[in-house]
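Each of the two complexes below includes chain A, the first together with chain B, the second together with chain C.
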Partner chain A sequence: MVRTVSIERIKKNLKTNGFFLNCKIPIGYTAGFPILQVRNESLCILFPYLKYQTTGEIDRTLVFPVRYGILMELPTEKIIGFEDYEYREIFKNIDFNKPVGFFRHDAVKKYNREQYKTLYDELMKEYDKVINALLGNGNYSFDDERRMRELLQILIEPSLLSVYQAIDMDFYYKYLSKGDESYGI
Partner chain B sequence: MFDFHNWESGFERSEMGDTIGFDSNGDGLIDTYYMELDTNQDGSVDMIFEGHDYNQDGSVESQTIYYDYDQNGIYEEVVKGYDSDGDGLMDDIATYHDFDGDGNEDMSIREQLLDQDGDGQIDTYIVNVDSNADQVFESVEVYDLKEGPDTLGLNPVMPEGIGNLSGACADELYNFDPMKADLSRVSGNPAQAMREWEYQGNTERCALYSQKFVIEEFTQNEVHIEELAELAQKNGWYSEGSGTPLLNMDKILQHYGIQSEMSFYNEISDIQRCLESGGRIIAAIDADEIWYGENDDLFTPCDGANHAVEVIGMDYTNPDEPMVILNDSGNPNGCGEMVPLDIFLDAWEDSNRQMVSCIYGSK
Partner chain C sequence: MAYKVKDPEFFKKRLKEADQTTEEEGASGEKEKTTPFRAKPLNISTAVDSVLTDTIKLLYEVEYAKMAEEIEKLRENAVRERFTIAVVGEFSRGKTTFLNQLFEREFLPVSNLPTTAVLTRIRHDSDEKIEVFDEKNKKNQERELSMESWEDLTVQNFGGEDFDGEVLVKIHSELLLHSNLEFIDTPGAGDLDETRAKGIGDVLLGCDGAVIVISATSPLSLSEKLFIEERLIARKLPFLLLIITKLDMIPPEERAGVVQYVVNKLKQWKLDIPVYIPYDIEWSETTYDNITGMDKVKGEFARWIANPLRMALHETWVMEKTLDIVNHVSSSLTERKLLAEERDQAKQEALISEKKQKLARAQLVWGDLRIQMQRKCTECCKLLLSQADVYAAAITERLQYEVSHANHLEKWWTEDFPYRVKIELTNMAVGINSAALSQIENDARWYRAKIKQTFQSYILYQRQAIVDKTLFGNFDPGRDIEFENLDRQRTAFKIGSAVLSISGCALFSALGFLPIAATMGVGTGAAIFSEKFFGRKIEAQREELKKEIARCVPLFIRNSMEESERRLEAVYRNMIDEAHKSEQAWLNAQQASIDNICIQKDGQNAKIQEFLAKLQWQTDTIQSLLIQEDKDESESYHE
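For the complex of A and B:
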């Protein structure tokens, strides 16, 4: 029987994973929206890590650039890669200690804590669906894909889009770009 | 009155006249200076100055000034100052008053001058007052010395400015007061621990400050945050601007000979047990849940821990509303911060209930 993958469970377990802890990501960095990748014909998931700094003012929480990436193979949930983007050539001009945007951004300003969480949880369920379908465990419809794109484009901070594009062009064009580009993973 | 705030510590030794120099550590170099002054010019010494220049740069890093206004051999006022950044300005000052001349402290004031945005200018002034010498600060006041909305000096790469970031927390938390608590129902020794609290300002040094508090509580010796930051950076345990990884949260403790153990999935009873056996606790939490509560419009997508605090006590004075007592360096009013147990548990859950338990010596 194929084990069902749950993004939320993986994220929680990551916090105490020995490999993850040894990556020495400072306190305060949190997993952003994961990126699905195929590497050597294996389905993988990349967790981008970034930090937010609450200022105490509504809609003025500071968003910092994605700084680290943790790559995990599925369904084994084995961590197979870690990267500090500060050392990637394409990010050489980014000051990772300077904020790049605010939360809440315009697309989510109308949502309160509970409404945001409802959308977030729905998006995580869509991640679970597509991952489990790709692993041969369940279905993933065109409507699911459309909804996942829609949710990602609402929830992701626009200030992070360029970093997502730089990290994974395929994922960016499939889920994050507002254009018509769309092709399979 | 000697103006210690504006005293220039970078002195020319040849101009010090009556200054006496000592080699306190036997390395052959003069590092400690004493000076006796007659401030009111009545012919008697009423002030003694003691300064330390351990790094031999000509600037005093720390100083103590003793005032004996009536020359009866008892100091009515003692002022201790530290120059944390070597700019010649004493930016961390503790003043102890003996009003009734019995040789015991009746009141103390701690003042910090901070450059929160790193632009070289002091922008924040914090005053803590312990008005009855019970080792607890009854009032903490934070003053923004810089005009304009951008008080943290953060520089987002978008055109809009950020609002007034005073550092004050949205939720009003109150501080532990041993006079109001039933001490038989309090675990740990929060009143003692609160003496070591300091505000971290707009830095990522929460784990450094938490370790500093523990070291000072155990050793009863003051250690300076800049020394700890330098030590931690040199060893790769901490990065300025980014912070401290969970695995490095006890490296400085170990450097100071304090036994520590990091663990996850702890229960509140583990914290209580450690405190009751004389240990100390540092825990990783989601501070936003404590500082800003359940404000429907003030939240982040962050679902992990973002802050380290020292847990200094548990207060069951009101059994229906147990409180966890924190030394929270991230809140200007975080000295003995009282947090309802259920809120603390929610905030702690985000680190998978991680904690560092600390034991010193034979305890």
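For the complex of A and C:
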């Protein structure tokens, strides 16, 4: 029997992990909403790290592109990868020092701090549910999936969506794609 | 040891599929409505995409989930339809180098010798790897994407043995990702035996465009011209471009001359194909900046993909199918309403029972129609074969007549004969193609009429609905079996092109470019008649040549007709499959109406009426979009 996984606990443990500390992610970077992946039939979680910079104005906190990724296998919480996206071909034209958007974005402006926290906590619970269900330790219903999709689409900064898409297409199309973008080359 | 995840494909499944999984697992216990997954609307406009989404939602709302799923599938097919570009040319012209440079990475093997031995498809995938498929298109290996993985897949490793499979290279590429492009790297054209040449011919039939690669060191040989004419132009490949490689291997002062030579040659041969130089190059005087650089080549690809005609075809196809499904649902809902209006329980049960019987009979009629259509296919094949025999006799007679009047028999046999065969077979291909298309059209019309008749004789309530509600004014159950627009053009040219490709091969073999005569069982030109033979008396030579013509011409035609027959069968099979899909949709709708009537509740009639009105609105919207498409298409045609 696999022990129940909690995403909040993983994040807490990560901060004191030796490997993570050696990655020397600069101060100021914080973990965004994690991406779940299946690699060689093992469940993995990828924490994208990005920077926020306050400007003193309400709803004008600068959001910078996702710069680092820490990949971890579940449920062991073993770190199996670290990547600085600055060196990935697909991000070669991204200026990581240039902000891409603001926090709070339109979809969350209507919520006060408490309401935002409630939604955030709910989303984390949905992460826990899907992780535990995939590890054979609980159920994850259609309603859960739909709710997780809704919450992610509300909470995630729209300016970061393209990065999420580039990092993991499957996660993006399952949870983040609204399907109304226009594409072309 | 790593824990195995319960469902490795979980994140690849969209919401709808995941729903099914959880239901099977009994997690929720109740059947829930699904929200459609919306993919990238690449091949369809936002307006069409939005109509489709609304229709899908509406069908889920009226509990016709299967029909909604069908539209979702159609939509995904239309959206995900790849734009396939083949990179073709003779061997060692730099096709693979071009692809490596296009993707800005060395992922395909190149060398100075012919290297690419197998058809190599290149698609986007974030999980990069090489997949090897055998001749039956079955995946038999997965490899890491590295140069070492190619070791046994290059020409040098086959040692005379052919590998008839294909390789699929999955690479992470923005270019492929955002445009749904797929590239095919082909082995060098002059490097092929007959079977593989035919195989590549078949692949080209499924392509949307082709990049012709020629080398500056030997620009546009006659065989390259023939390749372009026979394999690309004759197959009506809609998008072509030509790139000149290896310009850096000739002195700077000669480079502009080579480019000009190629452009002039294409003009002289009346081949309207844009020319590009994919790499930045040093020029001495004249520069060709407007056609130089990989960005220009990518720009050309972008224009191909954004071609409005292509999008219009996708849109029309998906909307026509959607309209049919909506019509099926409207018909079924109307029946539900009428049945529910019957308050007498006994009468209602009798109506349901009658409907069930009719459905069972309808299924039999559908089956019978399929068999009749298969018979028509056999008849069509017979007709074409008999026409081919007539052509064979006439061509033989004409060629024998020419032999009896030719003064220089050796010259006629080695130079004129292959050309004459090519011309004759080309004419024959056009004739047979047109006869085949006319026959197919007749049979399709017959099939459509029969299906319509079947629908009308079995849907009694619908007639009332037409009168009462004018819901079915445009109801045409036969629409499905018109060829899918997307395939119409390709299919139409498949039949004759088999003949054309054989005639092309005949010419090649006679000229000595492709040693395939032996494999075809046909000998032409000097290969079968020695110098000694042409030293004989002229009358004896004439008789021998006449005999040879009588032997080899029917053989050419028989070979080509075998391939044509196979393609003709595929056309009929497509029609039957299309009708079968329509049949399934119709039966599902009818069955749903019977199932739902059994759980009809008070007050539902008003709701059905409301749904019918909404469906009518959807129908009107789709029809107005279709009319707009028709208008746009005809305008662009006239332009």
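Just so it is clear, the second predicted complex is superposed on the first by the 179 of 185 C-alpha atoms of A that agree within 3 Å, B and C clash if a C-alpha of one lies under 4 Å from a C-alpha of the other, contacts with A are read in each partner's own complex, and residues count from 1 in each chain.
Here, a residue touches a chain if its C-beta (ideal position, glycine included) is under 8 Å from a C-beta of that chain, and two chains touch if they have at least 3 such contacts.
Model, not experiment: these values are computed from the prediction.
Clash-free side-by-side placement of chain B and chain C is the outcome of superposition onto chain A.
With both structures placed on the common chain, the touch criterion links A:4 to neither chain B nor chain C.
Looking at the shared chain after the overlay, A:99 reaches chain B, while chain C stays out of its contact range.
Contacts of A:118 after superposition on the shared chain: neither chain B nor chain C is touched. Within the superposed three-chain model, A:30 lies in touch with chain B and out of touch with chain C [touch as defined at top]. By the document's definition of touching, of the two partners only chain C reaches A:134; chain B does not.
If you stand at the C-alpha centre of chain A, chain B and chain C are 130 degrees apart, rounded to the nearest 10. Note on the superposed arrangement: chain B and chain C approach each other to a least C-alpha distance of 21 Å. Under the contact criterion defined above, no residue of chain A touches both chain B in one complex and chain C in the other.
Contact residues on chain A toward chain C in their complex (touch as defined above): 2, 36-38, 40-43, 73-76, 89-90, 133-136, 139-143, 145-146, 149, 168-171, 173-174, 177-185. On the side of chain B, the complex with chain A involves touching residues 152, 154-158, 160, 162-170, 204, 206-207, 239, 241-249, 264-265, 284, 288, 291-292, 294-308, 351-352, 354. Remark: chain C residues 2-15, 18-19, 22-23, 25, 27-28, 32, 34-35, 37-42, 46, 49, 53, 104-105, 126, 172, 174-175, 177-179, 181, 298, 301-302, 305-306 touch chain A in the complex. By the touch rule above, chain A contacts chain B in their complex via residues 11-12, 15-16, 21-32, 51-52, 54-62, 67, 96-103, 112-114, 116, 120, 155, 159.
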